[in-house]
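Each structure below appears as structure tokens.
Both complexes below contain subunit A, partnered by subunit B and then by subunit C.
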Partner chain A sequence: MIFSYEIPLLLLLLVTAAGAILVKDLMSAVLLLGSYSFFLALVWAWLGAVDVAFVEAVVGAGLATVLFLLTLFRTAPKDTRLRRPPPSLTTLIIFPLLGILLLYAAKDLPGFGDPNSPASVHISPTYLKQSYQDTHTPNVVTSVLMDYRSLDTMIETVVIFSAGIACALLLRRQRR
Partner chain B sequence: MKTFLICVLVLLAILIGVYLYRVLRGPTVFDRVLGLNGISTKAIILLIVIGIYFERVDMFIDISTGYALLNLVGVLAVTKYLEEKGRS
Partner chain C sequence: MVDALFAVFHRPNFLTFVIIFLWGFYIMVTRYNLVKKLIGMYLVQTSVIFFLVSISAKKGATVPVLLSTTDPVQVASYANPLPHVLTLTAIVVGVATLGVGLALCGAIYRQYGSLDEQDILEKLE
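Entry: the complex of A and B
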């Protein structure tokens, strides 16, 4: 591919992320975060990770916005403007250094869709070849999630359920 | 055909940028809500065009439908919030 479409999407992502940090109003920050996770979903969709894009669009852009708003609605005072102190010197030094470190490490990552990368040669072929004989599930992703890593998935579900119960307890309408 | 679709994608990204300007600069919250709504309509079309580009439209239509439904819920929540905040 001569033209890579990720670049405008990533630019939009950067702009919304910076806007959500810099904006002066909590409500607007919530709205900007919604569009941020939507652009993230577009990036996932463009890279071919369709199910991740689905979760990101539905949970990140839809539900998280509603939950943030609900929290604002229940907790914040009427005035949602932000007065944030300027960042400290340590922050200004450490975070650019961390960014440079990450960029330096990203140089050694294998290219996108590289057939010789460790992820493609190590365990993925085994899953693709044997998952149907092992689990009799036509969808490989489902068989990995629900069979090979079923314990992991179960504990994740427990975490999500307890978080949901905690949110419901905190946000319920109180009778007095 | 691929070139045409890429052109459509770039045009839609530019249009989203126009809306994004309104979301970022908007003097009032209402401007931001409207801008976000515009972004989401463009983005639904963008998802479907990406689906046609990769020739996997069925999956992408699911994503865009789910996003459209939840976006409606989000906008309802925002308007409800603004209404209650204005009243009290």
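Entry: the complex of A and C
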């Protein structure tokens, strides 16, 4: 069964996230964040979301870590030792309240792994049943992404393109 | 009360999501260093995506790639593909916005010589 292997993986996820947050050196925090992304990809592969796991391993663990490291190399290493300010009273009140509220809502969620949860019964059976007749692709995720929702995917490349243009404009060397 | 605790521990994915989400949000609000804030933002993004993906899981189900293209499809034996599609888009767009944020950090560092919020505020005055 998938779900008994989940607890150690979730613990690893929590430990690496806590490491990325608690470590004072920014370089180690970024590398720990990369390992967090990788464990996240592992958890998603266990949950049956292999396409998402591929993308997270390539884009999250690879590209995001490289972007963080490039920024750290551009900025001076003297900035990597961090100050940790004492939390204000407002954050000390608001964040536990928000956490209790979220956990209180947990019992209204459908059980994880339930085949009859509302997310899995409304429209997704139609996609699973129809996609091979409509698109002749056995991978349902690919057929939804590139065929049913191909306009969405095309506009998404516009978003990425404008993000790339913004990066290029921001990092351009100014001529004096 | 006991019921609520029981419900939480039956959903370990949700508990993990809440911890990582709130901790990353807290880091975004309280830390002074801009790169640390972006690390918090990345944790918030990935935790929400993690929650969406764990909704799509089904017990005893396999990946949403059809095993046989001729037999009628047993819906309960494949994971729900729709959250996967939505989160694929969300991951890529999230990393693109993260790249813009990091480029902004580089520009700020070139202008003010620091990534610490307090130092930047002092130099702005």
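Keep in mind that, in the parts below, the second predicted complex is superposed on the first by the 156 of 176 C-alpha atoms of A that agree within 3 Å, B and C clash if a C-alpha of one lies under 4 Å from a C-alpha of the other, contacts with A are read in each partner's own complex, and residues count from 1 in each chain.
The working rule: a contact is a pair of C-beta atoms (placed from the backbone, for glycine too) under 8 Å apart; a residue touches a chain by one contact, two chains touch by 3 or more.
The model shown is predicted, which means the values in this text are computed figures rather than measured ones.
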Return first, second, both or neither, reflecting whether A:48 touches subunit B, subunit C, both chains, or no partner chain. both
Based on the superposed arrangement, let me know which partner A:57 touches: subunit B (first), subunit C (second), both, or neither? first
With the two structures laid over each other on chain A, which partner does A:19 touch: subunit B (first), subunit C (second), both, or neither? first
Which partner does A:28 contact after superposing on A: first (subunit B), second (subunit C), both, neither? first
Is A:84 touching anything from subunit B or subunit C once the two structures are fitted on A? First, second, both or neither. second
For A:72 in the superposed arrangement: first (subunit B), second (subunit C), both or neither? both
So in the superposed three-chain picture, is A:115 touching just subunit B, just subunit C, both, or none of them (first/second/both/neither)? second
Residues of subunit A touched: more by subunit B or subunit C? C
Output the subunit A positions appearing in both contact lists, the one against subunit B and the one against subunit C. 3, 48, 50, 63, 70, 72
Which residues of subunit A touch subunit B in the complex? 3, 5, 8-9, 12, 15-16, 19, 23, 25, 27-28, 31-32, 34-35, 38, 41-42, 45-46, 48, 50, 53-54, 57-58, 61-63, 65-66, 69-70, 72-73, 78
Subunit B residues touching subunit A in their complex are 6, 9-10, 13, 16-17, 20, 23-24, 26, 29, 32-33, 36, 39-40, 43, 46-47, 50-51, 54, 56, 59-60, 62-63, 66-67, 69-71, 73-74, 77-78, 81, 84-85, 88
Footprint of subunit C on subunit A - complex, ascending: 1-3, 6-7, 10, 13-14, 17-18, 20-21, 26, 29-30, 33, 36-37, 40, 43-44, 47-52, 55-56, 59-60, 63-64, 67-68, 70-72, 74-76, 79, 82-85, 87-88, 91, 95, 98-99, 102-104, 106-107, 109-115, 117, 119-120, 123-125, 127-129, 131-132, 138-141, 144-145, 149, 152-153, 156, 159-160, 163-164, 166-167, 170-171
With touch defined as at the start, can you tell me which subunit C residues reach subunit A in the complex? 3-4, 7-8, 10-16, 18-27, 29-33, 35-36, 38-40, 42-43, 46, 49-50, 53-66, 69, 72-73, 75-76, 78-85, 87-89, 91-93, 95-100, 102-107, 109, 114-116
